[in-house]
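Each structure below is given as structure tokens.
Both complexes below contain subunit A, partnered by subunit B and then by subunit C.
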Partner chain A sequence: MRARPRLKNPILRTRQPLTPPMPRSRTALGLTAQAAEGRFSLQRCESCGQVQYPPADSCRACLSEELPWTPMSGRGELLAHTTLHHSNDPFYRERLPWRLGLTRLEEGPVVVAHLHRDCPPPPAAVGVTAKLDKAGRGVLVALPADELGDMSTDPRHGEFSCDPEHRKVLVTDGKSRVGQALVRELAAAGAAVIWVGQAEPWKKFAGQDAVEKLPQVTVVPLDLTDERGVKRIGAEIGGRVDILINNAEVHRTQGIADSGGAEMARREMEVNYLGLLRLAQAFGPAMRARGADGGASATAWVNVLSVYALSNYPPQGTYSASKAAALSLSQCLRAEMQDAGIRVVNVFPGPIDEEWNQPLPPPKLAPERLARDIVRGLRDGVEDLFPGDVAREWLARWKDNPKVLERELALESRTA
Partner chain B sequence: MSRKSYEGVALAAPVTVPYRRYSTRDAHWWIARALAALLKDTGLKKDAIDGLGISSFTLGPDTAVGLTQHLGMSLRWLDHVPMGGASGVVCLRRAARAVQAGDAEIVACIAGDTNHVDTFRRTLSTFSRFAQDAVYPYGSGGPNASFAFITDWWMRQYGVAREDFGKLCVAQRRNAMDNPHALLRKPLDLEDYLGARVIAEPLHLFDCVMPCAGADGYLVMTAERAEALGLESVRVLGAIERHNAFPDDPVQIRGGWALDRDELWAQAGVGPRDMDFFQAYDDYPVITLMQIEELGFCPSGEGAAFVREHEFAYDGDCPLNTCGGQLSMGQAGAAGGFLGLVEALRQLLGRPLGKQVAGATHGAVSGFGMINYDRGLCSAAAVLARS
Partner chain C sequence: MTELLQDLLAGIAADKLKVVDLTHTLGPSFPQLSLPPEMGQALPYRSEEISRYDGRGPAWYWNNFTLCEHTGTHFDAPIHWVSGRELPNNSVDTIPPEHMIAPACVIDCTADAEHDADFLLTRERLEEWEAEHGRIPAGSWVLMRTGWARRVNDPVAFQNFDEIGQHTPGPDVDCVRFLVDERDVLGFGTETIGTDSGQAQRLNPPYPCHYYMHGAGKYGLQCLNNLDRLPPTGAVLFTAPLKLEEGSGSPLRVLALTPA
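Moving on to the complex of A and B:
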């Protein structure tokens, strides 16, 4: 349970967003890359098995340079603890007192970690996990051994998570099954306000009545192809949005040969790519300004992309291209949001069980499952989310060898 | 093979450029003032110095090399010793061997650092790659956080009470009260110590050194040269250093002294009981206690009992950090690693900053430095005697 944030006195100055220290060595950013997908991994020597921390460029036992990031058990023993009442960094100065623990992991290394307030004093068993901090950098967090994963019980650790509870959320498209599943999931997660975008306000979408029955919900006109309209709604609610979930998309199943001109591809780009750009310009500045607004701050921006953004799926070639463009733009957005401490979450679902994917064989991702994974991802504070078996398999194949995946997908499109 | 002795090496001319809480000068200025003080103290001309050993955190972008132009020195021996709290003794070891080998005739060893208003924070955030990657992002407490862990562990493991640390801090403050250079000279009693505000539990205000600007220096030459120059000098009976000792201890319970102290005392031909004073590296009192145990003043794990049985002011039975140590002088960056050594020379030469330890002929100096990740990596010690 996240404590309900106190309302800010509107007369008080909104504080400048601050983040914890960002610099890391290139090697140490490996921890961030792992935490971005929700994993706690450390370097483990391929030659001798030594697990080491802090990250280094060679094994401290045998000097091997093969040090793959390997998942840890998360079990550890708290050896010593302290509570800082003084800090040299402005971000932490605003958050004192701050508790830290020195913990020996079951795998051997001793780590400095943020220590949850409910951890008993040492010696004590603790659970250690890796999270992204407000600077988007991977950090280690020690929690009571029996509640691994629930950050929300320590208000100081709330910023490792983007929990929608008590927050105000915009879902950019309410018409799709995914959008409606998201609205239901957010309401169940305790979101305080849910704005739901409607591209064609003159006609009710299927399911609109059910959505509007939820007391948190307000349907707002929002057509991502209409620049002035996006700006208008941004000016109206942008200063209140804590979490923006952009799920609006145009989805056609066509490659190049069967598309017969650029018109359909242009419509995909208008929403999937330029729509994201328009949203970012209309809502980004106001959200950035509220990045450090205490417990009621703007916290996350979610883009529902597609696993086809990683590598083109030829039967949906133009759609893949528009999602790849959106992925690239969202990396720009992430860089621009980083100083404000706002997390940009990219979601890479495999094929969703909806009409455009009708020709695809199962498994397909149920919209409810996707919505559940997105809300859990926000709670867990991850940055890249691959919901469903297909997406996870694509990711593994892509990481293993993107060129091989390209050839496999070209072949799949012939047999499809 | 046994170590070659330091026989024939003389240490002379301990100088301290009076510390300041903040300085608008660069480290270069502080080091130059220390060199000028060395020359003034000995009547030597600058050209007589043919070797230079330097330690500094804030000299960047320069190293000792750049200083040769700043100071207008042509040298045949030059060393840069980036070992923080161990740099005083380590510089001594390097310079002594250079002098014995004939690589240099007179080596000036100097540590100096400035302290602008933002210097300390910037030094911390880029102190080491491990600190940047795995310590500073966690609350940015700097050394307070690292020593809080070590202190927390020691207190539980060895039954050390805050009163024990307090006794050391109060005795050092007593020593500082007669030292006009000490930045902290206000009387301190145990009640003040115990009641001070918390900085990083279990550390409170008087457990933590105060960063400042300052410089210290001394000269190393042969005994014959010192005599020819009419300089009073101090002999080196033994000296050790060790880096990254006991890497598998989960928490720092030891420095490197435990590995080398038997050799140190054997080389010196004296023992801990023969020491008239002990200048320990005192950035936090837990480290002082660690050095007391590991250099053999008491058995390992019995530091608290030792503290309870002895008195540590200049007139006590176990004079410790007789100028007040860093806890009362201030921590002038790398000069903090020189302070104990120059104070030891002063006591043995009969020219202390504060009170003289009566009849002091032998003393021990210890250095400790560089919290690279979770522990100090460098440890060093020397045993000195009046010539």
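Moving on to the complex of A and C:
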């Protein structure tokens, strides 16, 4: 548990967000793509088996160009370390002194890694993990071997994580089972304030009252179809929101033939796509301005999408389309947020165990599990989250061949 | 004959006739009719800015708005219900304009609705009202005053849902039959979201006010405001819906002229 951040002096100018240097080669961005999903992988040569670092277009040992990204054990030995006391880069100047080291991985290569404060001097066993830095680039971090994966004891934790502890969070829909689970999970994770959005206040759902009574919770009227309402709430609390979790959605189970007109599909788009746009316009600018605002700065924006955003699931065809639109817009949001160091996290659950998926057979993702994975994803600082077995299986099939997956889903929906 | 109109205007100018606005302001948080979520839904009022003296339109301010034909203070035409689907002139664009100016009888049920949110207006209550105020004239509006409009800024109280649905007052089956068959009224108006009660889906037939009124070519008015400012008899209502092609209803400004 981290100490509560010191309150900032409101007379002083708010520190402007800076990011570490961005440019990377296309090949080196492979490390970023792996770290975005929380994996530490390096290129392993298909021909000679050599693992290489830094990434390159061909194998340094045998010149093969078949270099699939392969997960690493993370075990390594710290060979050398140094502490930077000077830098010409504005980002690092603000963060000096900064500790770096050379680590030999169990798989062979020697890598440059940021060093956790508690890493003993070399030679020492360390654990190496891949993280996204403030610029969203994949970087390597070495931790004491017995603390593998736990960054939270280091003051540098905040550079790689979006921990909700002591932070002020908006959950855009606090009524649904997912929303309620998120609020409980955030409260347990130590969030200081949780605003809970509510559309159509006259509709009550089981469990809603208990969540609203949590001491951290403040209910706010928020209907993503209402431009003026979204702007008003953005004006009221946007300058204080550190983490925004957009879980509001309209979910209907229909394809084209059985939807009888465009009205239901429009409602899905109004919330799932245009709702995200309205939120981003109302909350984005204030959050961007607070990307480096003291110990509890604005840090993350989470979109609860669907694995159907990757490829259309015909029995829920219009819903899939609205989530695909939201995914595309979310990539735009990520690009606009990156200079402020605010992470945009996309969550791609498979079918969730909620009312609209009632006829679907298991496995279905429990809302509590989804909420836990989202909070863990924030702590770990990942960018793309595929919670549950179904989502990970879809992802694997999609990565393997999106066209084949499209055909498979078309066939599945004939029997669905 | 122009004297009649001049008298009317002079009456308004001299405050001998009052103009009463029976309309609620329509904003995005105005409570919306809610059906089971798997059914098609009526859109609430939404407004998106086109420009406001800015780069999108330097010298002008305007909005696009969307809403359902049945959002806010609104009018129901006979075509709205299956029972009125075959009638001539049954949509808002074809109803005779003469029907848009008509007298109103106001039945005060405020105390009953305060006591019982599910209060149903009965034929007996109408007969008691007639004993005091005279027979309900053919071609007049019958307005059920319940005080519900006072709840409009509290959407939860206005909708009044619990786990078995909505609890709002309305007419019972006999009351509707009496008004249609024996009084030949123009239509029925309420302060609540429907002309029927909140639990009317459990009456026989379901939604009797919609079923019989529209089946007989009568109209409905919903979400009325300021009914407490109307006398039991003597007010004249101006109810012109938008002329929407094949429209089943329309938001509208409802005005009443009453003796001062």
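To be clear about the criterion, the second predicted complex is superposed on the first by the 411 of 416 C-alpha atoms of A that agree within 3 Å, B and C clash if a C-alpha of one lies under 4 Å from a C-alpha of the other, contacts with A are read in each partner's own complex, and residues count from 1 in each chain.
We take it that a contact is a pair of C-beta atoms (placed from the backbone, for glycine too) under 8 Å apart; a residue touches a chain by one contact, two chains touch by 3 or more.
These figures come from a predicted structure and were not determined experimentally.
Q: Scan A:Pro221 for contacts with subunit B and subunit C and give back first, second, both or neither.
A: The answer is second: A:Pro221 touches subunit C but not subunit B.
Q: Applying the touch criterion given at the start, work out whether A:Ile237 contacts subunit B, subunit C, both or neither, answering first, second, both or neither.
A: After superposition on chain A, A:Ile237 lies in contact with neither partner.
Q: Could you say whether A:Trp202 touches subunit B, subunit C, both of them, or neither, answering first, second, both or neither?
A: A:Trp202 contacts subunit C only, not subunit B.
Q: Where does A:Gly229 make contact in the superposed view: on subunit B (first), on subunit C (second), on both, or on neither?
A: In the superposed model, A:Gly229 contacts subunit C only, not subunit B.
Q: Between subunit B (first) and subunit C (second), which does A:His85 come into contact with in this model arrangement: first, second, both, or neither?
A: First partner only, subunit B.
Q: Mind working out whether A:Met264 is in touch with subunit B, subunit C, both or neither, as first, second, both or neither?
A: Once the two structures are laid over each other on A, A:Met264 reaches subunit C alone.
Q: Looking at the overlay, does A:Ala125 come into contact with subunit B only (first), subunit C only (second), both, or neither?
A: Neither subunit B nor subunit C is touched by A:Ala125.
Q: Where on subunit A do the contacts with subunit B and the contacts with subunit C coincide?
A: In subunit A, no position sits in both the subunit B and subunit C interfaces.
Q: Okay, in this complex, where on subunit C does subunit A touch?
A: 28-29, 31-32, 34, 38, 40-41, 44, 46-49, 155-156, 158-161
Q: Which of the residues in subunit B come into contact with subunit A in the complex?
A: 120-121, 124-126, 129-130, 132-142, 144-145, 148-150, 152-153, 156, 197-203, 247, 250-251, 373-374
Q: So in the complex, which bits of subunit A are touching subunit B?
A: 20-21, 23-25, 27-28, 53-55, 60, 79-89, 91-92, 98, 100, 102, 104, 110-114, 122, 133, 135, 137, 139
Q: Could you pull out which subunit A residues touch subunit C in their complex?
A: 200-204, 221, 223, 225-229, 252, 263-264, 267
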